[in-house]
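A single structure is presented below for examination.
Letters are used for the chains, namely A, B, C and D, taken in the order the chains are written, and counting of residues starts over at 1 for each.
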Amino acid sequence: MKILYFAWVRERIGREAEEIEAPGGVRTVAELAAFLAARGDGYAEAFKEPKVVRAAIDRRHARPDAPIAGAREIAFFPPMTGG
Amino acid sequence: MPDGHSPGDHPADGRFTVRIQSEDFDTAAEIAALSAGRADVGAVVTFSGLCRADDTASEGRLVALTLEHYPGMAEEEIGRLVEEARARWPLIGATVIHRHGRLVPGENIVLVVTASPHRGAAFEAAAFLMDWLKTNAPFWKLEERETVKNWVAAKEADDAAAERWR
Amino acid sequence: MPDGHSPGDHPADGRFTVRIQSEDFDTAAEIAALSAGRADVGAVVTFSGLCRADDTASEGRLVALTLEHYPGMAEEEIGRLVEEARARWPLIGATVIHRHGRLVPGENIVLVVTASPHRGAAFEAAAFLMDWLKTNAPFWKLEERETVKNWVAAKEADDAAAERWR
Amino acid sequence: MKILYFAWVRERIGREAEEIEAPGGVRTVAELAAFLAARGDGYAEAFKEPKVVRAAIDRRHARPDAPIAGAREIAFFPPMTGG
């Protein structure tokens, strides 16, 4: 699936997007975040406060316990500050 | 309600628009697009949010804001907020325009326009759209000051403002 | 408040205007007059009230509204409402324009514009000015329908809207 | 003092303004309204529901018990319907 990063999550990881094949045990947004956090220093920094990082599945806001099965595009980003 | 509108009425020819763009917008043209040529509009409310100068931080005065957004989701999420507003208030039209890119103090950031038969509905729908847009639309502000760049932190006051509509 | 404004602050160069006129107004020009050339404005809210078509009465459709006013007192009373708004919210500027004379459906009746560093203050001050203007500004609407002319009766809902600011 | 009438108060009385010399016993807005109501049929019609008619003294809203001494201009009108 395609993973997107925005704002300081993107800056810490050092990329805007990547294709990820998550292992079978990774079933929810929170589990995906934990899986990504283990991929390296930038990732660990981005997800060090997991409750702060928000997610969207296929362009809709998703809670940490939302299942990721069937998702085409999952995004991680800080709390929004538009408007 | 005296004119027979009830929350949830969707005038068949209502005008609802969401745009995400780097260019500036023309508030007068957007008001005209909602109300011109129709006499069922009793109230139009606009909200313009601007990049505001700020020299109170120790890192120096604000030089610019850069608005990053999630293309695709930004339009869709604001579209969902507009649908929610239509379900709650008898709106004849609504327009939301949000800019992205680098903006200097004095420049427009966001425009919300609501048109309704009634002033209360127009005011409430505009305030609702702004409050929910702040906490739900996927935009992030990078603040450029004289000596540093910082991502703006989300405000608890904005969460509280969004909560009052639940 | 983060930028040091407190209710009651009166920016020395604030722009506050009240006009009673028969001519139409230009909303875009009024927004520009409040915010052009200054970067301390974070939020501008406008309210436009229009003459709305109405064919629900047995006396036939609404042909026109004629707005009668008390010259002198109208300006002074709205000026007092603007002063009250300035005392309650940190406003950088406010403009109120109220038309008089005969207006047909689709035409503008009233414009309120508020400018503030903060969106909540701009929204609340505009709603406050409209609510109090409805019950306190000396204007009276004569409704011209196909078969009769009637003075519009004051609405209890407007009294209730004004009361919520006390 | 100058008395002004607006909207249906004006229409019922049949004039926009007039100069009135109120007798000494007329001290308040309500007493002035009662004095005016006795001046003829149009006046009686205009003031037949005295609680509905509003007043302003020198261009400020005034309650029925407001004293009129020293007033230059007193206006009577229906509840306002602008905006």
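The criterion applied here is as follows: a residue touches a chain if its C-beta (ideal position, glycine included) is under 8 Å from a C-beta of that chain, and two chains touch if they have at least 3 such contacts.
These numbers were taken from a predicted model, which means no experiment stands behind them.
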{"item": "Least hop count linking chain A to chain D through chains in contact", "value": "3"}
{"item": "Distance from chain D to chain C - Cα centre to Cα centre, in angstrom", "value": "27"}
{"item": "Whole-Å gap between the CA centroids of chain B and chain D", "value": "47"}
{"item": "Touching two or more other chains - residue numbers and ranges from chain D", "value": "83"}
{"item": "Where chain B touches two or more other chains, by residue", "value": "49, 119, 130"}
{"item": "Touch-based graph of the chains, sorted into line, ring, star, complete or other", "value": "line"}
{"item": "All chain pairs that touch each other", "value": "A-B, B-C, C-D"}
{"item": "Sites on chain C touched by chain B in the complex", "value": "2-4, 26-28, 31, 35, 37-54, 56, 105-106, 117, 119-120, 122-123, 126-127, 130, 161"}
{"item": "Chain D-touching residues of chain C, taken from the complex the two chains share", "value": "49, 67-70, 72-73, 76-77, 98, 109-110, 130, 133-142, 151-155, 158"}
{"item": "Contact set on chain D toward chain C in their complex", "value": "4, 6-8, 56, 59-61, 75, 77-83"}
